[in-house]
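Please see the structure below; I have some questions.
Order as written gives the chain letters A, B, C and D; numbering starts at 1 within each chain.
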């Protein structure tokens, strides 16, 4: 047997997924988000884990008009026969600029404990991390937001649920302390954004930083449904994509 | 104001999504799947709707190795820097062949009531639909499965939950009757597959057939997380993609 | 040996492509466009074929700002680490609406000769094709253009080169005759667009209608290079994608 | 006017591309590859530039079965209605692992002259570059090949054409010298691969390293045409994608 997998397999009358019987154990018993958890951890989440993960994925699912959702709409305009391509086009923009921070925060925090040891207290460890990143010329992911200049409304809510579900652990505390020292040094309040909070909370849920971003991408796919629905409802002529395209056509200054 | 949307918008301290406050009304209160429902219906689902929708999306989320999930793994092999591209590549294969049936079933059923009227009883209506499709040379979507030759294990479970949640409505009954007459005529039992059941149940949830497929695509994106996680865990050299690629390299017969 | 291919294979010191030695026979001897021809026909094109194909692919390569090229730019804004994803996003919009016609024209013409025979003269055959499409409720692909209302500047040039290279054959003549009769009937001049001309000329080059569109998609990929270059040159802040995104943000009317 | 572009614009009877009239100046006069050059440099290439660029793009266009071309085939299997999606899926794997080197070589060489000055002779400069990369722990792009262990058959041919067309300039000489010193130090011959040669030659053609990769991606799109044609010719049941999928299905060892 060539290809070993833990994911699943179908026989004539059963479907096995990560050791569970899809029809008997999963359908009707767990949520869609839990399927992502199952994929990452090979077990069904606890009630607390499910609540936390759904909260996280709901938080980053929808952002209104973004480069990403606009691409989905433009793609649907040209290829209405292939809804999957429109969703894919939207996901392709979910790269380092907008979603990268989630992974970078998780990486920063997970590596901090791995490299600089668990023996330091959080305050010392935060100082070490800040010093280390500065020396290496690295930016601080998870801080700042181009619209939510002071407070990202999702951040507090996410940490609140993390506390309630038992996931306000050492990674979250480290991020909060790094943020505190970072703002103190700058002498001003810089937003701790939702993507930062999520990177920390997912670390406290023991999700490897290298797979954090794929959760975010999956959540975005769910969010893009709404944009396709709106384009379909408006109809081709009145679609946002058509209006936008016409606007660009009418406002182009060609200097060939 | 040029671009009218019901989806959402951010201000400095709030995020509005479909008329709800994201932080106050949605995060921690609804599931990821509910965000797709919200996108399609502009309202939060009831508890019953949420249960039904999560069951549906869990049912079609994961299929083990498929052309789609293999593409995701192959893409990750070449572009590990862009997880979003690997997910997108997997979605691109979710076209007419594997996922189309869900939409076609919903379309067949929704148009049946619209075109041939609600006045017929289900038995008569099924006969009319079958006759009409035959005359037009159209296939019957939702029937048959290349692995589940007799029974798709998800179908019964989904209809069971549909009954429990109040969504075993006229569209589901019509599909079941079309299936009964179809098998009777063929003189053998042909699988009523999960994708067929979902097309019917989503119709009974009053979801427009034109947006049905985008739900399925979103669910697939969640399922692809597991495949990325497995490739990352195995490491480049032992990844399924690498093994597969080497197998193809070693077993190619070139007849240029 | 499992996988039979005519395409190619590498050994330690040679690369074979469609029966040619890549280094000795192809590099420096044929053009990029000829590689697509080689892929479709398993032989190097003649000088005439190469000239005609390059002319066709140059004609459809670049269209300025389109939904497709805008998607490429928006995707690059979010994922500058993955140029391949930006090109892919642009291609995804090259669906039925904008590029489909090329294939549909080729299909209409190739099937006309196959179904209604070569025994009819072009005039009669055109009349039969028009009658047949009307009876089936099919549209006429290749006619009309939203900007080039009277004459598509590429059409005449392409037919001119087709004549010069020997590819103004029966398919082109049939399309021109269908167009003539179609305009006569409508009582007005309707543009015979470039995509229509190309569908006809590629048929006269004996390229199967089912593969016509993949040539167009490849040409678009080349065209998208210019859009990426322009975004890179302008820099993130002054990029078209950023400007466009800001315009949308500032002009959204949210009615949640 | 909001959106300034040098790329192009259409009016009712003309199409302008980078200052040229598409129908009069470009169609029938330049090759497809030249359109990419035009996009990068805003001028038509000289005959020498066109020959060199076509040679480069032909060299990297086709690689037989790769993760990339296999993804294209698998995607077509699931979504034959959307050829553009199949091409896009193939491009998505053209990431850092297989194509990145072209850009990294160009970057290494272009920055070498910019940072360490033109005053050094090539031998000294090569030594400085090697020392610098080692200190930074950076790998050497453009060296080594998993099949062409000693000589990449494309490399010599490309440098031969570069010499003939006048593009064997300082960047190429620097790469050759880095390669010589690198092999000397290792005490064995390591392949200077085609992707490395191309990074050097494109630098000598004065193409910015940041846009090098988009040329490669475009070339790959052309190469993928052959894979789609082969799948279409073989037909669904005998397609490579279907065979491969069945092989995986039959050889999966599920350990859930």
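Note that a contact is a pair of C-beta atoms (placed from the backbone, for glycine too) under 8 Å apart; a residue touches a chain by one contact, two chains touch by 3 or more.
The model shown is predicted, which means the values in this text are computed figures rather than measured ones.
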Task: Given chain A and chain C, the chains that contact each of them - done: B, D
Task: Fraction-based call for chain D against chain C, same above half, different below - done: same
- [ ] Using mean Cα positions as chain centres, tell me which chain lies farthest from chain A.
- [x] C
Open item on the list: On a C-alpha centroid basis, what's the spacing between chain A and chain D, in Å?
Closed with: 32
Task: Interchain centroid distance [CA atoms averaged], chain C/chain D, Å - done: 22
- [ ] Round to the nearest whole Å and give the separation of the Cα centres of chain B and chain D.
- [x] 37
TODO: Identify all positions of chain D at which a residue touches two or more other chains, and write them in rising order.
DONE: 2-3, 5-9, 17-18, 64-65, 79, 81-82, 84-85, 88-89, 92-95, 99, 244, 247-248, 252, 254
Task: Parts of chain A lying in touch with chain B, wherever the complex brings them together - done: 2-3, 5-15, 17-18, 21-24, 26-28, 30-36, 38-40, 51, 54-55, 57-59, 61-65, 82-85, 87-89, 91-95, 99, 147-151, 153-154, 156-158, 160-161, 208, 210-211, 213-215, 217-230, 232, 240, 243-244, 247
TODO: Using the touch rule from the top, collect the residues of chain B that touch chain D in their complex.
DONE: 64-68, 70-71, 74-75, 77-82, 85-86, 88-89, 92-99, 241, 244-245, 247-249, 252, 254
- [ ] Show which residues of chain D lie in contact with chain A when the two form their complex.
- [x] 1-9, 16-20, 42, 79, 81-82, 84-85, 88, 92, 248, 251-256
